[in-house]
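Each in structure tokens, the structures are laid out below.
One chain, chain A, appears in both complexes that follow, with chain B as partner in the first and chain C in the second.
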Partner chain A sequence: MSEAAAIVRPNRTWVRLRYATPKIFATLFALLLAAVWIGPLALMVITSIKPNSEFLNGPFAWPIAPTLEPYRKVWQGLNFGVLMENSLIYAAAGSALAVGLALVPAFALSRFEPPGKRYIFALLLTGLMLPQQTVLIPLYDILRWLHLFDTRIGLILVHGVYGMPSQILILRGFMTTIPRDIEKAAQIEGATDFQIFTKVILPLAIPGIVVGYTLNFIAIWKEFVFALVFLNSEAIFPVTVGMLKLNSDRYISAFNLPSAGLVISQIPIAILFILAYRRISSGNFVGSVKG
Partner chain B sequence: MAAGMNDERTSFIAFARNHIFVTLFGLILPVALFLAFIGCPIVYTIYLSFFEWNGMAPAKTFVGFANYAYMLGDKYFYISLENNLKWLAVSLAFPVVLGFLIAYAMRVRAVYLPTLLRTVIFFPVTMSLVAVGLMFLLILNPIFGAFDSVLRGMGLGFLVREWFGDYRIAIYTLAVVGGWAFTGLPMIFYFAGIGDVPKETFDAARIEGAGHFRMMLRVALPQLRPVTAVVVMLTLFESLKAFDLIAVMTKGAPFGRTDVLGYLVYLESFWNSRFGYGATVSVAILVLSIAVAALLLGTLLRGAFDV
Partner chain C sequence: MANVSLVDIEKRFGAHVVIPRLNLEIADGSFVVLVGPSGCGKTTTLNMIAGLEAITAGQLLIGGRDVTDMPPKDRDIAMVFQSYALFPHLSVFENIAFGMRIRRLAKSEIDAQVQSVADRLRIGSLLERLPKALSGGQRQRVALARALVRRPGVFLMDEPLSNLDAKLRIEARSFLAKMHHEIGVTTVYVTHDQSEAMTMGDTIVVMKDGVVQQAASPLVVYNMPANTFVAGFIGSPAMNFLELSLAGSTLVDPDNGFSIPIPDRLRGALNGYGKPKVVLGVRPEGLRPAARAADASGMPQLTIDVAQHLGHETLLDASSGPHRVVARVAASDDSRIGERRPFVFDQDHMHLFDQDSGANLAARAGL
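Up next, the complex of A and B:
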């Protein structure tokens, strides 16, 4: 009996190994892939702490006398303190504006069937998909007309309005998942839309708001075209525009300086990424875009 | 038709009466902002494309279709258009397909350490393209670059090229760098999408003896049409936007061979002070994106955006 069983069912470890082998190969391939993605970043970090003298040892030489001198030089040379402050203002205020504008529309589109709903969705998708370059010239003109060209407020306003469509979709997606039992009860007790919105929906939507805000924050931190065109004064440049200087002979002749610069530019987002990673990378926000 | 419009109008008024707060801040305000900052600019761009204007002078000169005629004879317009298409082709072939494969492999647990892979590939999505561009300028540097020394180290030295200097491949270099930074996005979309497919569907297919290839093609992809719709649209507009990398890495060099339409608009308007012509190229981008989007949504991806 036991012998027969042994014949029918081969050794367990063997089976497990047989099933594991393709997975191990796949994993090796995946690790190779991961190396292509992490390699450049790791290389930048390593390069950024090398002193000038080690530059000629080749890109992969391990730093012998690691130094933070490149960071100091680049921080002062590019005035990174100011750049960071500006980017922080744009990202924080622009995202707040975008989310703030999107909250009631998201509520409206998740809880009501207003006539013409599909037109509003069509508008939202247009706003979402519109290539920035097609509105660059008019926006430039509008901002000058409003005397907001080359001002922080102007750029924040543009970021807020252009962030709004995606925020409406993200928040709407989140709000549709909030069960309606509580607001039904509130409705029976005679609560108005405004009360339901502020007392029921808003508190429950906070996780969605956090995700939306974070995504928008990152988007504005990355943004380049609007800032490049709508700002002129170096004092209010965000990091992305200020960083362009790194691509000049003064900085790029030794790789440690631009490397240090781009590591600095990425640090705030890296921190945010670590804090918010679970929420963002699960892709839960994706469902909202599908409508 | 008119009756339908009327119906909609009366029912809208009825709705507005019952839900003033929602109508005001939830519908009218966003639509008004949309019209002011997104709608009007589009119309204004079209208007401007019929004028000659240096951006400063108070008067704009009406020139009719002269800008359009000029565009159709402009060598750089065609180079840019071609480059946009090349960029789109690379983006569909590399980040989108790879993103799907990775998402699938993670969802069916075909690899160990899926979280590590996902994190690493998603991270560049959060990077500014200016930083990505700078980074690859260093890595692909013809003298001190790491990439060439990796190739030489693997005995593939014959593949080394002037990645930015050779006008035949510069645009592909840029598109691949863009793809490196973009892969995480389709991956996350597909990752979420495959997660929504009922597990039983995959199990059933597996019991019937389907291999991974057939599972992807016959089970996963048909179920993922809405996701594919979103991803393809995103990719399309990402490639039409392609701007940041070019501004950082090549500025259109060599000889305007890496211009794309978006960069041409910027160049003509804000460097050559030909705002009218810049607007004309903008209109071309607009028409192109609407046409491709309509084509995609109308045929390939019908019903994917139903609300």
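Up next, the complex of A and C:
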């Protein structure tokens, strides 16, 4: 028997299957994770377009007569437009304040060696780890002292200051990745530290700023406790606090209305994420250094 | 244009001394290349001249002005970085105009100067592009344009060609040399590539561990290296070193059949030397196998280990006992691997170095 004839060819199907099996399992696992993630969201959307009676008959059933009535009721009943406007103001202004306050310290911590840098970091991390509840009473006192209790400005200030430590860490991390040679080149060209910050670092830190701003925006949009404690007037409630009304009657279980409210409240976040994503994923330093 | 004087310059990072004491005079209009292996202090020296690194002690003069503690913008310098360091968010035009905008020059003047320098560097058609839309060579020209447009007294270049491919590097090398010839600005150029140093510099400053080993013209550095470090660093392949015993006017290693007469011109260098051994240095082109028909008596016999045929020449790796050499021979050489052949040591290419300090004995004796 020749040597070539002695070579046993394995069955190609089995070989392919053997190599494909791990991929199949990985795909199935990913699909399972996706289902766990998307399931509640899908249930929320489905519930929001059902009459409540239909939901009570079968919470997981596909809607028989889809309706947008829950949306109309929530929008009109809760004055949802005002709630959304308030949330938008708190999230937009609070995040802008947090990022604005964080920019200069982040630049300083990324580029210089200020005395006690380690302690500044420890302080920032401590600020991040403190539970929200522990600062409620001091902040309440401060807001009353400043006559800012139950005001939009008061809540914006709280969100801005509370968000600042995380923004410093995010922006510092990002600024550290900006090549040092770019800064040195600006220095050689005669730029002062302030000009380097405004003309070089800031434009290059835009993706970092967008990331930080977006994360902070989402955090404020979802925030409940500060708004509940520091606001009393319905006219300045954000969505999270305003929607409490739907839960005020413990004897009626209307699930479709909160679902519709939740769907509406997620739309700005989705839009923001889509807008921010393109900016975040654009390679900002390409071409600045090396080939 | 300006001359640069480094007087007793010292640089420390904490307790670590990077540059112990550096004295260097860079003449107005010259092209000086700082060369050495990684960590030798060449980039630190350049950064100190630029003002990007603080000088621990000593004095730095540019154009006769003491600029030791001045910020970079007041030193009358421009710099091209190894990484180009272009501003990625700005167009080519704005990159070149950056310094002028900082100095608030008139728009018409900025436009005219940018256009002029861009045309000179053949990047006039790229002015609207962002750096990411440029090739490596174009980026390098933009970095050069940004430096040139300032009309500096001193040009500093930190390995500006090291990110280019081999072909582009050779082009850029001659471009830079031509540019220097045209504008004549004092240039301090850092590289670790000895061939770049040899081809570009009027003066080569070879550094090791923060200490200048030799500062001279390329040919002097090549033909009269100050010590074994310089001799080994400059030249490719590197100079061959053989540690041999002194026996009168002959260098010997009886165990391995070496008996090489010391050239007359080097005998004076050994006056008062007093050590039993010396290091013989011979460049690869100073070694060749003796013709097969020649009388080979008294010649060292070496075994051919490797023959590298490069087309226009052949490099022979040969050895005998602990001695290993590389010889640059004609492409037609017919040596075979494993063959034992007598080698001729060219008397004109021989150097003698101190066995302990590595100093070139002829240079030390002023021969």
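A few remarks follow.
Convention: the second predicted complex is superposed on the first by the 244 of 291 C-alpha atoms of A that agree within 3 Å, B and C clash if a C-alpha of one lies under 4 Å from a C-alpha of the other, contacts with A are read in each partner's own complex, and residues count from 1 in each chain.
In this section, a residue touches a chain if its C-beta (ideal position, glycine included) is under 8 Å from a C-beta of that chain, and two chains touch if they have at least 3 such contacts.
None of the values given here were measured: they were computed from a predicted structure.
Of the two partner chains, chain B is the only one touched by A:N247; chain C is not.
Looking at the superposed arrangement, the partner reaching more residues of chain A, out of chain B and chain C, is B. Of the two partner chains placed around the shared chain by superposition, neither chain B nor chain C is touched by A:N52.
With both structures placed on the common chain, the touch criterion links A:F224 to chain B but leaves chain C unconnected.
In the overlay built on the shared chain, the residue A:V161 is in contact with chain B alone; chain C does not reach it.
With both structures placed on the common chain, the touch criterion links A:G190 to chain C but leaves chain B unconnected. Contact with neither chain B nor chain C is seen for A:T151 once the two complexes are overlaid on the shared chain.
In the superposition on chain A, A:V200 makes contact with chain C only, not with chain B.
Of the two partner chains placed around the shared chain by superposition, chain B is the only one that A:S265 touches, whereas chain C remains out of contact.
By the touch criterion stated above, A:F112 is placed in contact with chain B alone, chain C being left untouched. In the superposition on chain A, the residues of chain A contacting both chain B and chain C are 283-284, 286-287, 289-291. The touching residues of chain C, counted against chain A in their complex, run 50-52, 71-73, 77-79, 81-89, 98-99, 102-103, 130-136, 139, 146, 150, 163-164. Within the complex formed with chain C, the residues of chain A that make contact are 179, 181-182, 184-191, 195, 199-200, 203-204, 283-291. In the complex of the two chains, the chain A residues touching chain B come out as 22-24, 26-27, 29-31, 33-34, 36-38, 40-41, 43-44, 47, 55, 58-60, 101-102, 104-109, 112, 114-118, 120-121, 123, 125-127, 129-139, 141-142, 157-158, 161-162, 164-165, 168, 192-194, 197, 218, 221-225, 228-229, 239-241, 243-244, 246-247, 252, 255, 258-259, 261-262, 265-266, 269-270, 272-273, 277, 280-284, 286-287, 289-291.
Listed in rising order, the residues of chain B touching chain A in the complex are 8-9, 11-12, 15, 19, 21-23, 25-27, 29-31, 33-34, 36-42, 44-45, 48, 102, 105, 109-113, 116-124, 126-131, 134-139, 141, 144-146, 149, 180, 183, 188-189, 191-193, 195-196, 226-227, 230, 233, 237, 240-241, 243-244, 247-248, 261-262, 265-266, 269-270, 275, 278-279, 282-283, 285-286, 289, 293, 305-307.
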